[in-house]
């Protein structure tokens, strides 16, 4: 990703807004953007979802491959999560090998899903020691207006819950729905104008400081955290966003679970 | 081309397995303004193909060594998303995509009025998120719509269509099953107002007569699709 | 390949020549350059050819490897065609990963040969499902004075017709000549000064517009087409060069077939 | 995190297999000035982890396009040597190392006074030559010592420590065996003077109560390590 | 490696010193720097050494993998030697794929060790045709103040002599010391101010011309030579440094053999 | 080096399998001006080795950061074509080729008068299209002929020859079969007028006496080849 120069004016403007408890697009501190989650939208994928949060749009597609289990875990399949932000998604994203930003994106989303244990890797075994399913979750950004992390995480879990194991095509039995037992949800907070806000848009990302990503599970357990970018935060600030994340993840989980 | 086996793809009435006549194309939808952060964009479905195209620019060309004093540079990339095909595609370098990017760029450069924007860059990104058969045609056609949506002046739109051959019969716009058994493929990029060409590829085996028939089908189909493009550009418009 | 800036003077000069039905090196519109085709010139290759067209010189070498057939085609071997234009061939060709130009070159030549069906991939089977020959055709540019496409295609089919399957070295039977049943021939046309000419030299390529490559088989059937570079052409122009290609490919096929 | 199996890692007295209490850290040594040709350097051992860090700069940033008019750029690379682990690591590109390099850079940029050196570059290279568990913490901590050894002004040192969970018990600073069976890992980068944070990651499964306990252990351990860092910077000093 | 511009002043200074039979750090022509060789210093490696020559510091680590022997040499294991000079070692070493300098370093050190026959590759066989040990020697520069070649070669042979074959961990028998029957030693000479000197420091490398690397075995046999960098030398000059290398390698071999 | 087995490569009369005496070299041919578009070129066969070399320049060095104010930069690449060996070589990065490119460049820089062309670049490309044994010597020798053919001033030509050892006998210029069983290889790059060296490598096992013999053979062979180089440069000449 090419790094845009941050105009001082934008930072000053965001500070002023923040001092008046306002945001650049009129939202309140903890308010998310308009959210639309759709599934089954990619004809060639075994599971798919499209998430739109304001002007941020992402796709997620699930594909399956047959792998040989690792010798020390003969009964387990695998989960691979790959995030790609290609130049289509915004003028600052460039072609070429994955940027550090894209690598971080993919790894943070991967950890949230993986560590929640929502996919039981033992259930992916076909023949112990010989064949197992590898689930591949590909996250794809269409339009980046900020907070790709949450959009990817949401599309990812929605696509997994939408996925069918293509056993017939691989001639190893009948198709069945991929068992996904939990619904990990990520919420991201950016420090903008000196305070943290939920679901930053791209201008807030551009003129802001550090961001914190929190993934919580069905029982409010913490599955993944990540602080990104330059910035210092206090335990009190963290406590405040963690409290918000507990509420917000519940709301989002309802949307995914009802699909 | 595949072309082996003796699967029957044309019935006794001369109709194809999906009910089309030899000269018919699949269902097509076109939508503009689908990427809010882009300067122009287009989503096009064609059968179960889906291409999404973003146009950014004209913007500053950097590094400076790529700048041209007398015109804009056009940066065109065609890519297939990992989940766009039955077997997942590994991201990364790919000779096929490089070649399609190049010929698509060659076609678009023939119509975009690059000389209006010296020293700048226009970036066209074509992403195939669902692939059936004929993705290069869908991508090129959608790209010309996205350029128009971005307000970039062009001498004409480009309509791209392919015809081919199955069971020794020339047909227009092969779908996936037909493509698996296809004996030839002739994609063309047509300027609908003049009937001239900016893109042409072909592989397989076509006699000179078959070749003429395929050419004719493409020319006719281009007029049909052109009507839909114009319609979409009237109705849609970028946000 | 580094892209040389096209001098306006050269374009103007080529236009003037064209208006007078002339070319920069004195040839007529459809006239090819001096052609020499030699074979068996590379001691380590199982088949080889050298083609010289004016000051353009290329080599082609055929090597064989044993591959496992693809599961869905257990009786078939494979053909791989790879074109490399390294810095030796001209001052604008640069080291590094293959440029888009070199990739296009290799793929267009490959398609012409492959789609003609001149190599029967079923004849490459050694043991069904286990072993088959992979034929590798490497095209190598020594001196690029324009129209590498035709030189590569001609050297490629000549080298294949010159090739011996090295069965003894691989201990799978006796050596035999690679069966090549047809002789696909490519002819290339560049638009220079507003009209198409056959077999452009490098100055014509530099000051010209689009190019069209046509590969025809023994029976005049079309096996491959490619339009390259920026430019617009009419059906009438295409019809004219197709007519020329039908004549010219016959002449070139005689040269190859008589070797 | 691993977390499978029912190996018992805590004994009846609440002590760990290496005799530590839940809140104890492993043995730590810190040495500065260990790379004669560098502007600042640090070797830190932590259990059988060993990190070596070199700081070069401030020096001219080139190529010029990476320069910033109002501050220095900080170039941070974290890498594991091929012989640092039981199974040899192949040199080359590695997504894990790229991510750790990025978050380490993000943490250090939060304290280094980059605005003092416009248009220049400071390069920090972290090499793990022996890895046990917690290498990212050792690398970040050693990097802040090496920066101080190079005389680069910082608003505070960064102390990085991780706590985790084994056998459903929260413990500080997992060693290799504990890590193999660990159920969670919470590394933090702490400013010892203010108790604020510049680095935070976590993966695994922690209830809100467990999370608070792990957080607390890290805060306490940071004070212990901070004392040793100050001591090393007094005693050692760059050559 | 980025190439520093050589100040003419440094070259002139080195010439003056040379004319007075002096060196920039006070040593005599054939005098080496302070040398410390330590072993068993890397807990995760099966064999290791650290060498310090003046302000040049390097590490060497030995790891083992199980490989399948090559079909034509079913009773042999393998030796792989890899040298990496990463940005930690000096301000002119840069990140990225190995530079030509680093490739040359690794290959020259590799040849000296390999060609001496100090490792009997037949002794690395576990099950003929099925399993054999691959010995991997990784050389790692910590601080480059010149003459990485000799430091790497010395650390390399010391680490190999320190190595234990981890048969128990791989469940193929009991651990045993890797048999290393010989002690090849490299000595390097740089032309500085018009004459060759032994064990150049980085300022001598920077302001000097060509370098010559000589690896001699236990019986003074030559196992590897390499001339690097721009420069011309006479047979007489070569004869002089070869004579010196015969003496110096004996001294260094004693240090390694006594460990 | 191989060096295993007990194949007899020297007969009772001290002659080698191809009839040569120990000090003899294989047949050599040299031709200049073989690449019409290059500024200088050379084709050299040596046994069944064939090297083709092109020289381009002096030309503008770009990007500007590679320019040197006081001399030309010399860009040297050695490469083996895919069909040059019994087993096909995959194109692409190759540590062996990189090293040979570097030592060849080091050798040529020692004789080319680079200071005559400040800020410019001279590009030397060596392609081995048929390989037997000793390709680096053939490439270096042919490169110095191609540079002369391009009219680039040099203080002397470079002649490169290798001697080795088979069946414990030192012989000059190993052919392919000898190389398979060879016990040592000593390639040298010799200035024929002064007897000085610009290139030297060696691997294998040679006693000090054997080493002296191999050295002597190389010096003698260099004079023979030098005569042929001078002859070719008189007769041929670039187009």
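For reference, chains read A, B, C, D, E and F in written order, and residue numbers begin at 1 within each chain.
In the analysis below, a contact is a pair of C-beta atoms (placed from the backbone, for glycine too) under 8 Å apart; a residue touches a chain by one contact, two chains touch by 3 or more.
Note that the structure is a prediction, hence the values are computed from the model and not measured.
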Legend entry - Minimum number of chain-to-chain touching steps separating chain A from chain F: 3
Legend entry - Shared interface partners, meaning chains that touch chain C and chain D: none
Legend entry - Chain whose average C-alpha position is farthest from chain A's own: F
Inset, instruction - Look at all chain centres (mean of CA atoms) and spot the one farthest from the centre of chain D. - result: C
Legend entry - For chain D paired with chain F, centre-to-centre distance based on mean C-alpha positions, whole Å: 51
Inset, instruction - Take the average of all CA coordinates in chain A, do the same for chain E, and state the distance between these two points in whole angstrom. - result: 48
Inset, instruction - Round to the nearest whole Å and give the separation of the Cα centres of chain A and chain B. - result: 32
Legend entry - Sites on chain A at which at least two other chains make contact: none
Legend entry - Overlap residues in chain B, where contacts from two or more other chains coincide: none
Inset, instruction - Select the category (line, ring, star, complete, other) that matches the graph of chains linked by touching. - result: ring
Legend entry - Order of the ring members, counted from chain A so that chain D is second: A, D, E, F, C, B
Legend entry - Footprint of chain F on chain E - complex, ascending: 97-98, 100-101, 103-104, 106-107, 111, 114-117, 210, 212, 217, 219-235, 238
Legend entry - Touch list for chain F against partner chain C, complex: 34-38, 48, 50, 52-54, 56, 59, 77, 79, 81-86, 88, 91, 123, 125, 127, 129-131
Inset, instruction - Flag every residue of chain C that touches chain F in the complex, lowest number first. - result: 42-45, 48, 55, 57, 59, 61-63, 65, 82, 84, 86-91, 95, 136, 138, 140, 142-145, 169, 202
Inset, instruction - Could you please specify the touching residues of chain F with respect to chain E in the complex? - result: 1, 93, 95-96, 98-99, 101-103, 106, 109-111, 186, 191, 194-208, 211, 215
